[in-house]
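Heads up, there are several structures right after this.
You will see two complexes here that share chain A, one where it goes with chain B and one where it goes with chain C.
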Partner chain A sequence: MVRVKSRYLLCEINVSDRRDLLKLDDRAVSGTVKAAVARTHGDYGAALCSIRFCVKYLNAHTGIVFLRFPKGCYKLLWSALPFITSIECCGRIIPCFFNCLHVGGTIRTCQKFLIRYNTRQLHRMLPKCKNEEEKRQIQKAILSCSLTGGGDEALEDELESEEEDGE
Partner chain B sequence: MRVSSLQKMRAGAEEAESSGYQRVVLKNASPHHYLRVRLVLEDESTRVSAVDLKTFITSCLRSLFGEVGAALNVDVLKYDEETLTALLRVPSRGLVKLWSSLTLQGFYQNQACAFRVLQVSPFLLALTGNSRDLQLD
Partner chain C sequence: MPNHITAGAFARARAAEVSAMLKAATQTMGSSHVFQALPKHMRRRATSHNTKRLPRRLRDVANRMKRKSLLAGLKKKKEPVKSKSRKARRRHGNLLMEFNRRQRKNIWLETHIWHAKRFHMVKKWGYCLGVRPTYKCYRPCYRAMSSHCLLQDLSYYCCIELKGEEDKLLAALTQLTCKEAGMSNFRDLRGRAFCGLKKKKKEPVKSKRDGTRLPTSPVTWRSSSTGLVINDLTMEIIRYRLIGPQSHSVLAETLEAATVCDELKSSPLWWPEHCKDRSNMKLHQQQTDVFNVLKGIYSTGELPPGTVLGLTVDDPRLTLPRQKVKAAPCVNQDQGDEEKRNQLMLQGVPLQCCQSFLWERSVRENVTDNKISEQELNRMRSELLVPGSRLGPGPQQGRVPVLLVHQPGKQVGDELGSWGAGWDLLLPKGWGMAFWVPLVYRGVRVAGLHMSLKHSQNKAAPHFPHDYPDCPAGSRFQEEQEAEFLDTFRRHPPAKRTNYIKHGCLAPFRCPWQQLAEEWELLATDGGADRKGDGQTQMTRKSHEVVEEVTSQQNVAAASPPSCFTVLRNRRSLRLLSSWCRPPTCRRQRWGRGAAAAALPLSDSAVTSFHAAHKMSVVWVRLTLLSKGKPEAHAMLCVPTAEDLKLFGKSPESCGPQEPPHKDHYKSRINRKKKSAKTATPSQESDHQTASTDLHSPSDLILGLWPDPLPSVASHCSRVTLGWVTQGDFSLSVGRGEALGFVSVSGLLHTLLKQPPELRGTLLLRNPASLHYRFVRVNIDV
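Then we have the complex of A and B:
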């Protein structure tokens, strides 16, 4: 009945060079988001960001990141994300932009969306396959996508650390 | 039932007309709010021009509310350099942001400063009179 509610933003980090993506880590992303919010919304935004903000999940291979914001001010903090132009990580500046795919009330709803989104992306990649081997690999990946068992092992491990029932 | 209540309303209106008193309530009528503020500095003899004041107010907004706050349309309508008193205009939805950022600003070029807000009103005409400065003789 009385519960602390958050909003989880499912964002995709687009970089021009795919190898740079592997160098990202969650502290660099969280520092970048905090700096962008402080620039766009000043001390007020920085204070809102410090309450319950964190990077819940980061997949360096696909560039998917889950950001958690408090429910009362997530729109304000969301509006600062388009102003991010680069991420600074281990001494290098990686130019990128954030693309928000989904807003969910819990990690589980975001995970369900992510699985559907990934299957759609794989379906889109299928006609572009250059040879039979790739086609077979993609078809196997699509068939093994599901919420329980199979699917993305790493995704499940990370997300089971916080259980929140659907909203 | 309805007819009788209508008659009562009309009767009531006639009564109001005859007594010569009419009450008009305006909600959110004014798009702007006007503030009279005075800048009080540690060193009394500092000169602050109107342009300096405008940049100072914008920097106050920027430090508390960021770029979005600094983009607020604050206008300095009148400025008196002797007393450092200014008349500001701001859209009504930005009044709280402006007032809070003026309140929380403590330094002007390395000297302590304070903004005293003397009058606030949604109507400019209301700022002409001030019962605090009224001389009663």
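Then we have the complex of A and C:
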């Protein structure tokens, strides 16, 4: 059987207000994306979006989201993402924009990219620290993510519940 | 919740995410299927049943899965617990113990395992011996005997050592032998030559192998009167026989004279102690010189008979070639050695060189105990710098004292002199395989008991148990042979058997010599009164004037009639008889042998005096078929009638006369018995039995054989019987059929007198299953 291929888009949701980030929900995000695609590409776009589109992973603390699109039409649907200006969730409208970082064929490649991206970010932050405590925290963070499988377990559990694995 | 993000919070969040990602990325996907864990380019369809296609880290898991699935499939069937078969249960834990247990009944020679892999084995005389190889090799063995070399393991020969002073020894031995009989009355007794060569006190004498060796006899006997000590050295000395004209080159290539070692301190091994003694070293040097000269002679038959050479040799395993090479004679002929070679051929080995340290028990034991094992030798070979090069002679170990005894070939007769000459190699025990394998690697052919029979046949010499009917072992052998033949005969269905009664053959399975000798005594004495006629006389009266004479035999004749028959062995009488057997116009015997015997011509008086001297005796003869025919064992030798001789004289290639078929009276009796057994009541049967004048009960009768007691053996057929053939075959050395057997002396003399001189010595031979007579020439080889 010929393989069914998808594309996974690694996006970062940038919000102006930090507190609103935690309110994000994967259903809200997927609704927003569908509406945006429908507005941009009409019925045809809406139909394409309905086949194999879903939000695979959402990290409310960092605003990272994995979106899955079918391979044949991901470019089209990707082009609709910059037109998203706000997300509506539980009656609130959160102004934001999507920043696409990486396109991968599997979730795993996106995960690998994310690891590299985050470590690079942390390394970039280190010289810009203003005080000692921050520096120490960043160093600790860098150390913890260089070890495989290390890190805060409580935080992991919380984050894992938002992950959706499986191909 | 603060509005702005701090670096620390940011870092923490990011770090947490990274670790979560790492964990997710490195863990295998939800499916724990082992086949999915392989990269795509290594996945194969066959791994479901052939787990070896998987890398080792996954193999265990795959095996477990396979077993689970198999069990799931087979859950319904119950697998029975398989116990080992009786054979598997009784299999050895300890191979050596198993071999020793098997050897309790029949002793194994040292080369037994080598033989058992390649030969058909037979259990004989308390030993397990190889009879013939499993591959077809009759003609190659004959070719090896006549042109190259044949090897046999004769370690089953009993070896008896007699120790004492020389004159006492000779006196004791003369009781057993007789001067007139010549050198060998016992087989292999090299009495004369051997005694002459050795002047030392120890005198090794080998006697014939005797199947009747008592198991309870002690190993050493001591004589109180003469001070002789007899030691039984059976299985202490190993004996290999090499037959053939190239046996000396085989020995020369296999053996190398021991290298002298200079060792100042004393050692437990025998050779260094030995080397210190000057006289020993001188002797060793002489022996080595003789051995080196031996390499250059052309054929083994050229040495004088009875040569003995003692030698000390290196371990022959050290110079073992990697592949079998055929030992070739040494082509390099030096002028200087020519002189020495001639001396060797004419005079033999010098007297003192026949000493060997093989006879000293301490030396033998030392050598056997200090033998380098095969494992050790292989380890030494593996440690060589250049693989395949020769191992050095090594330390003081590995010097073996051996004895080389020359065997003369055919010594008697005019044709094929020294055919089948060879050497006997005597070794201490334990060194059997160490010498056997290097000898085999020099391209000899190995033969068993069958070839020793053929060797004696070609040499026209009597072979021990078959052709000695006058000694107890010989008669026992004949009985055993008769039982075997009878058994084979009975196993055939009656319609497929040859009917010996109809062929007129009274004794197809054994030769009744005693009866023949007695009958010929009577015939001769009766025939003296009536010389004319066709030789068939009636036995009307028995003669009681049988005068016994003790001829040159260890068997003492009985004092009362009938006396035992004997075999004529007196040399002078044999020469006389031999000269009478050939036509007078034939070329003379070689002047070297018995020239004086030709002086006495054949006449009535000479015959009578000869006959008076040797009554009741038979003589060993060799018969050559003149045209066609292959003689068999127990063929009859008969006297040709005057008409037969006339026919032969006219055309020598004519076929011989035919015997008219006899009538089988016993057949009807057997049939009657069968019929009566089927139909009659017991009363009728007894009537039938009493009615017939048959002396034998019908159950004794075997269809096709004469029942005992036999009627007159001599005059049963149309031609008078003189004797029988004990061994007969197509002879490859001569190119026609040859037979060896015994004839009655009185009968032979009687016949020779009546034959015309130019056809003297012509007899008739008839196979037991044939009616056709063939003309043969009789020879007595002396």
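The working rule: the second predicted complex is superposed on the first by the 146 of 167 C-alpha atoms of A that agree within 3 Å, B and C clash if a C-alpha of one lies under 4 Å from a C-alpha of the other, contacts with A are read in each partner's own complex, and residues count from 1 in each chain.
One rule holds in what follows: contacts are C-beta pairs under 8 Å (C-beta built on N, C-alpha and C of every residue); 3 or more make two chains touch, one makes a residue touch a chain.
Quick caveat: nothing in here was measured; it's all calculated off a predicted structure.
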| item | value |
| --- | --- |
| First (chain B), second (chain C), both or neither touched by A:43 | first |
| Partner chain(s) touched by A:115 [first = chain B, second = chain C, both, neither] | second |
| Partner chain in contact with A:51 - chain B first, chain C second, else both or neither | neither |
| Chain touching more of chain A, residue-wise (chain B, chain C) | C |
| Chain B versus chain C as contact partner of A:93, first or second or both or neither | neither |
| First (chain B), second (chain C), both or neither touched by A:138 | second |
| Which superposed partner A:101 touches (first chain B, second chain C, both, neither) | neither |
| Common ground on chain A, meaning residues reached by chain C in one complex and by chain B in the other | none |
| Residue ranges of chain A touching chain B (in the complex, touch as defined) | 38-45, 79 |
| Interface residues, chain B side, partner chain A - complex | 61-69 |
| Chain C residues within the chain A interface of the complex | 1-8, 10-26, 29-30 |
| Contact footprint of chain C on chain A as seen in their complex | 17-19, 22, 59, 61-62, 64, 108, 111-112, 114-115, 118-119, 121-122, 125, 128-130, 133-134, 137-138, 140-142, 144-145, 147-152, 155-156, 159-160, 163, 165-167 |
